[in-house]
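One chain, chain A, appears in both complexes that follow, with chain B as partner in the first and chain C in the second.
So, the complex of A and B:
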């Protein structure tokens, strides 16, 4: 079985007692306890300000699955940011240096993960760990 | 006052993948100034398949700034007694309560399986930015979560 693990360490001193959370999960296929995700896509793009594109397409084979997605805004200018959307609905903004990690069930084929760049040309790194997606047909 | 989050991803799916490790400091929108507001760490017990409001933006004691910098961390910790079934999930979405399926007022993001965690940015907008949760079954599931945001 392929094994993919995702861990996070979260620390904050906003409260009077410091908060520290560390956790890790092994990424499994949908509905299973022992069968790990076994396919992945990874990329790095530059997206000009004002441009909205599908970053990761939801495809028939990926619908309802236990996909895991990592996205990072690798820009270094703190005024740069990208808006993250799923099927046109705003999720939030990733500012320069920010990352996100989400399970993405791609609940239908329109549930693409979309990005809209602001301020300048943003540099975006991403990875999707999954159990299959529909490949494009040959032109 | 700083809040940091470090993600580490390892995988043997592809031999050429050397892993991901990234640390971010949570800052206010478009600045290097640290985020200063948090809900604090919370947990919610869910024992039905009803869709519930996990976080209602309008109910936070400090109002979130709309479309600025906000992040949420959520983890499905199983039944809260150490029993984690990775085949059972809670659907997490954004939008208004009671909106079934994917509509203009609700967008499902993901199924958060037992033991899984997520950390995503939020708009912080009242109603459409509320975090919804809906368990797959009526078995007890406990979610732990914390929101960091800009006021």
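So, the complex of A and C:
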């Protein structure tokens, strides 16, 4: 099996005492600790302001799985941001430099992860670790 | 200015033929600026359990109405379980995001788009006497005197479990606003929903009542089993 680890460290001085949260997980298939996620898709796009697109499509093979999604807004202008949605439901805004890491069970085949760019052309890096996805038929 | 950073590293030596190493550091700022975020809730830890599988309930993690809408808020959640099959289902409004299996964590931006809150106005009139009462939401106001403005001011000083109040500083009217957004299935409040004890009698008419609309982005998590599971969470917000 493939072993993929995702670690996060959150640090801040906004409290009266320093805050530090660190954790790591090994990305496993749904409901097991013996078989790691063994497939991935990765990409980088530039998305013009006002454009809303599916970034990652939910497909039949991905429904109900322990998929993990990483998205980073690699823009550098602090006013640039992308709105993240799942099946049209607004999740949040990723501003320039922000990233997110989310479990995504692709609840149904409509549960695509969508992005809408604001302010300018945003640069978006992304990766999806999964158990499989249904490929498009040949045209 | 506070500096809050979030660092992620994703590594794998055997997923691809070449080693995968991905790393990103974000300095968390308020929306559209280079100013650091200034507020945080947590770190919190909670154990969920229920009497049986049929009694499992979703837990509201964060209510959108409590935070800045469309801010650069960030939410961290971890499932501390060590039993592989145990997971929390994370939902925003009615949209299921995903399942946090044992040991999994997530870090995501959050819009905190709230709905609108129910409101009404209560206006004190006619003849009240000191010591008479008006009761609403389980809270009883005892008139400090017969002066209507003082009665309204007294209503405003009390703490209601489900409502906040606004008083203009003069006059006999107090505006009640629900603490949380709710949908239009709620009743429209009327004068009879409060209890008046007044001999003369004084009146306290409720008017301008309007229902709200449901919040669109409360975050809820639902455990997969009724036995004890524990999650940790942190909100960094504007």
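The rule is short, and it goes like this: the second predicted complex is superposed on the first by the 139 of 139 C-alpha atoms of A that agree within 3 Å, B and C clash if a C-alpha of one lies under 4 Å from a C-alpha of the other, contacts with A are read in each partner's own complex, and residues count from 1 in each chain.
The working rule: contacts are C-beta pairs under 8 Å (C-beta built on N, C-alpha and C of every residue); 3 or more make two chains touch, one makes a residue touch a chain.
None of the values given here were measured: they were computed from a predicted structure.
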Chain B and chain C placed together on chain A: clash or fit? clash
Can A:81 be said to touch chain B (first), chain C (second), both, or neither?
-> both
_Quick check for you: in the superposed arrangement, does A:49 touch first (chain B), second (chain C), both or neither?_
neither
Of the listed chain C stretches (77-85, 131-139 or 185-193), the one clashing with chain B is 77-85
Chain A residues contacting chain B in one complex and chain C in the other 2-15, 19, 21, 23, 25-26, 28, 30-33, 37-38, 40, 66, 70, 72, 78-79, 81, 84, 86-87, 89-95, 97-105, 107, 111, 119, 127, 129
Counting only contacts in the complex, chain B reaches chain A at residues 1-14, 17, 20, 22, 24-27, 29-32, 35-38, 40-41, 67-71, 73, 75, 85-87, 91, 94-95, 102, 107-113, 115-125, 128-129, 146, 148
In their shared complex, chain A is touched by residues of chain C numbered 2-16, 20, 22, 24, 26-29, 31-34, 36-40, 43, 70, 72-74, 76, 78, 84-85, 87, 89-90, 92-111, 113, 216-217, 234, 236
In their shared complex, chain C is touched by residues of chain A numbered 2-15, 19, 21, 23, 25-26, 28, 30-34, 36-38, 40, 66-67, 70, 72, 78-79, 81, 83-84, 86-87, 89-95, 97-105, 107, 111, 119, 127, 129
As the complex stands, chain A meets chain B at residues 2-15, 19, 21, 23, 25-28, 30-33, 37-40, 42, 66, 70, 72, 78-79, 81, 84, 86-87, 89-95, 97-105, 107-108, 111, 119, 127, 129
